[in-house]
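Here's the structure, in structure tokens; my notes come after.
Note that the chains take the letters A, B and C in the order they are written out, and that residue 1 is the start of every chain.
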Amino acid sequence: MPSQSWVLTDAAQNLHLEPFAISEKDGTRLEGATNWAIRRTTLRGGVSTGVDVVEIDNGRLKVSILPTRGMGLWRGECDGLPLGWQSPVARPVNPAFVNVMDRGGLGWLAGFNEWLCRCGLDSNGPPGEDVVPNNEGHPTRTELTLHGRIANIPAHYVEAAVSTEGRGTLSVTGIVDECMLFGPGLRLKSTVRTDAGSNRLTIIDEVINLRGVASEFELLYHANMGRPFLEPEAQIVAPVMEVAPRDGRAAESIGQYNVYGPPTAGYVEQVFWMNLAAAPDGRTLVLLRNAHGDKGVSLRFNKRELPCFTVWKNTQAEADGYVTGLEPATNYPNSKTFERKQGRVPVLPPGGSYKTSLELSVHATARDVTAAEQEIAAIQKLHPPQVHTQPQARYSRLDG
Amino acid sequence: MPSQSWVLTDAAQNLHLEPFAISEKDGTRLEGATNWAIRRTTLRGGVSTGVDVVEIDNGRLKVSILPTRGMGLWRGECDGLPLGWQSPVARPVNPAFVNVMDRGGLGWLAGFNEWLCRCGLDSNGPPGEDVVPNNEGHPTRTELTLHGRIANIPAHYVEAAVSTEGRGTLSVTGIVDECMLFGPGLRLKSTVRTDAGSNRLTIIDEVINLRGVASEFELLYHANMGRPFLEPEAQIVAPVMEVAPRDGRAAESIGQYNVYGPPTAGYVEQVFWMNLAAAPDGRTLVLLRNAHGDKGVSLRFNKRELPCFTVWKNTQAEADGYVTGLEPATNYPNSKTFERKQGRVPVLPPGGSYKTSLELSVHATARDVTAAEQEIAAIQKLHPPQVHTQPQARYSRLDG
Amino acid sequence: MPSQSWVLTDAAQNLHLEPFAISEKDGTRLEGATNWAIRRTTLRGGVSTGVDVVEIDNGRLKVSILPTRGMGLWRGECDGLPLGWQSPVARPVNPAFVNVMDRGGLGWLAGFNEWLCRCGLDSNGPPGEDVVPNNEGHPTRTELTLHGRIANIPAHYVEAAVSTEGRGTLSVTGIVDECMLFGPGLRLKSTVRTDAGSNRLTIIDEVINLRGVASEFELLYHANMGRPFLEPEAQIVAPVMEVAPRDGRAAESIGQYNVYGPPTAGYVEQVFWMNLAAAPDGRTLVLLRNAHGDKGVSLRFNKRELPCFTVWKNTQAEADGYVTGLEPATNYPNSKTFERKQGRVPVLPPGGSYKTSLELSVHATARDVTAAEQEIAAIQKLHPPQVHTQPQARYSRLDG
């Protein structure tokens, strides 16, 4: 048995296993760890009622996946360090209780508390008008809502798998369809995979155009870090070729774009657009490290898949969400109309697909943090960073 | 025991039987079939979670009713032929996950995949502004959304019944309330009835004004046919007195209004308004037949109840929904304001009700199809069809 | 064991007891009654599916609390008299089926049928524009919806308690969070408490600002009375210092502001703003009594906590909701922008809280009704009522 899998949910078969748990006790031995497990539970109470949680625990790192919320990663733990942040929204929210159109299209924020969620697939970025064909084929103005729909669509298919190859691998795959007649027809197929006993996990995603016509899409990973990685004097370390403030507010602190401040009541978010350096094959990485450089989280991805990188600094008071977002994406989270003009909205042919891979690693020692920093420095070496002190027309809509 | 019934759901009593199944094994023998059954299941997984399905199987024809979606008919089968269509929305959607206001009021399309659903009851037709009294009695502009609310309201009462009279009859009745304070107060009482071993079912609906004041309503049956009835060179056969294109797009193909093309990527819908001939007592029928005329589905109804008939051609690529809608209704699916001006929005007095009956028959042989065609020809005989090549002011708003 | 408590729901622990019931049979004896109980059920069927109901029965008065609907009080009974009203919305509605933005921001009315619900917490009053900071810190126009969100947010924590002190006390406490990133962060902690064998209950609420910055809030109790308390010639008895009609419609009947008419088809609501007299410590009360003065319901509260009092007359046809609302509140239910200008929107510091207490008593005899009237007369004595025949600028926006 090199690999075994279990279908946890399949709406097409009206199948939903609950509860579900698999661990070493069930007869599979993995080289990398003994105390691994995959478990499913369903949340009860308040707006969490009905939210499906699949926890994947490799014996060292564990993470809770939310099939009900578009396969987002709620929170995790590795080497005793919590992965996630303290959102004002305390627990996962069933999309049935999220009205994305609320508060001028910001309703998405009433469900936002994941360590990592996706923004897309038809669009991401702020609320704003777009022009789409309606059912009669007429161009029609419609309001896009903040960060799109994918984080509020439940997966209709969920599968868990265990492989005994190498040190052993655990994985969970989900399929989420964002579709309607006369509208988007985009599928997300997402796998979270982690080796037994390791300090990392990989997200392997595929966006598939289910339609018979070409379709745009946008995909952004909103990876959100709180304490203990974020703290005063924590730093973002990235192989920056170019960085620009989103707006005047971000420009105020461009000199400190890579350093974080303390929780500050009334702080208004600062967003920085980055164009990262990468290895010749496109691979790059970024690191968030704490002040003392002995704790960090890094993201590895390929610029050919995720060319745009955004840093969201939101060091509000703890009660309001002290957090930073590291956001590799196909685009910058501007309005879709602006991104389209900049040529940053990919188009998939009928049946076409787009694959991305994103690795998150947890560095729990100074040595591990230093190793990541050195790797970033090596990529940076040939690319002196260009820091724009003012917003740039290629990255930000300057007229409003 | 000529007739027996079971209450499956009654919110007033907090009663909900699940699962439920009744068949010959339970002791009731029907003349028309031995393998009949009525079964309820609840869907799990993705946006289908919590959708109640009641399948009524007369031994030859079966159909899945969706109490959770306003008593729509999801899909069926008769003589081995599938009844329904392949929507981009793969499975029934719990209304909790449908935001009808989304995408400029087209959010209804994110839940649309039924073989037959109702559009109404307060309004149907495209999104658009209407003026209604608010709680303070002031005329207030409000946005109506595509095809109204009834398809996204769960039935609060569901009953199954079996009668041994004649060849035996199976039926399922549901009650759905579309109501709010200071707003619509309309009840749908719907029965789906089918004789054991037959190739047909009848939908018997009653719309009841629950209010203490007179109330408008609109009711349209959106009966949606895919393969094998719809295919290239399939035809709509109807006793047409008058047919007019909805708009310029439909006018392009007015000469082929009754013939279907192949799946066509990027096809924009074409809609034709029809004024049908009928027998002296109002009865009429329409038929969709395949290219070879050996498979068909017909709809029988009474023009006194459902005076307007609309054909929706939507021969998009298979992936996008290759489908046609046959739509008997109280009105044409224009904006309610336009229909009101044309005198096509019925008004019910306090406590008043409106009854409709709609029979769907499946014709699985050339002989059966020919019989339906002959019946239509007999109604047509005295009424030479008038084909308008351009949109008509009585049927379409021409100024926009 | 002077006091014992049970956690019925705690989302933080993923705990949800269902069913739950506690009564004398479980071993606790109360002085005031033998047939007391606290019971939880979950509703099934239609839009009520999933609504949690906790009934608290003191042996004489019972009331059904709706944790799923922001701890509203659905309906009750005392001395054989029904507490509540006949809304066109027959049963409690799961917020998953309420789109508060529907019908021009009046969607709240599709879920409104409680004996008592709260309007707030970020805002109450009619739909209308407000200007709030968006995530980028920019002032942004947003549409507030009728009466805010709190009545459509499920409690994430519910606890029942029984105390043997005195005659014995039953209570149910719930916690409801109205929160989102970059938006409101307001918590309602609500306790309903009633003494065994008594004819009254007390609602003890606390609104807590969870944010790290100062926050506005609005809180209104919408207590809604139908028959047998409301009937033709029923009266509202209140220690009125000042009363003003909301608008021209209310001014039509200012001379009869305290007397109710019969059910009237097409009646348009009349709303009266009141400034009540109170005892030196702020305590005051109002009474709704039937025509013969032998049945009544009174509300006691403190003007220092709830300075504004509104009477909503809505004597529509029975089918449309024959009801009156008695509404003690922090503000009058005008638009939040207007109330802010009048200085009637309280602001809580970070972590600050605001406590209110509201007692509802049922008077089932003429003697009891008379006693309440005498108490009101005593408060009234030193304050001759001033009746404004026209809307007043301090209470109503006169320009629209």
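Note that a residue touches a chain if its C-beta (ideal position, glycine included) is under 8 Å from a C-beta of that chain, and two chains touch if they have at least 3 such contacts.
Nothing here was measured: the structure is a model prediction, and the numbers come from that model.
**Q** What angle of turn lays chain A on top of chain C when you fit their CA atoms, given in steps of 5 degrees?
**A** 120
**Q** Determine whether chain B and chain C, two copies of the same sequence, contact each other through the same residue numbers or different ones, counting it as same when over half of the numbers at the interface appear on both sides.
**A** Different: fewer than half of the residue numbers at the chain B-chain C interface appear in both copies.
**Q** Quick one: chain B and chain C, Cα centre-to-centre, how many Å?
**A** Chain B and chain C have C-alpha centres separated by 42 Å.
**Q** Please output the residue numbers of chain C that touch at least 2 other chains, ranges allowed.
**A** If we look for residues of chain C contacting two or more partner chains, we find 96, 99, 101.
**Q** Within the complex, which stretch of chain B touches chain C?
**A** 9-12, 14-16, 50, 95-96, 99-101, 132, 134-137, 140-143, 153-157, 176-177, 179-183, 185, 210-213, 350-351
**Q** Tell me, which parts of chain B touch chain A in their complex?
**A** That would be residues 41, 43-49, 87-91, 94, 96-97, 99, 101-104, 106-107, 109-110, 112, 126, 146, 247, 249, 263, 265-266, 268-269, 316-321 of chain B.
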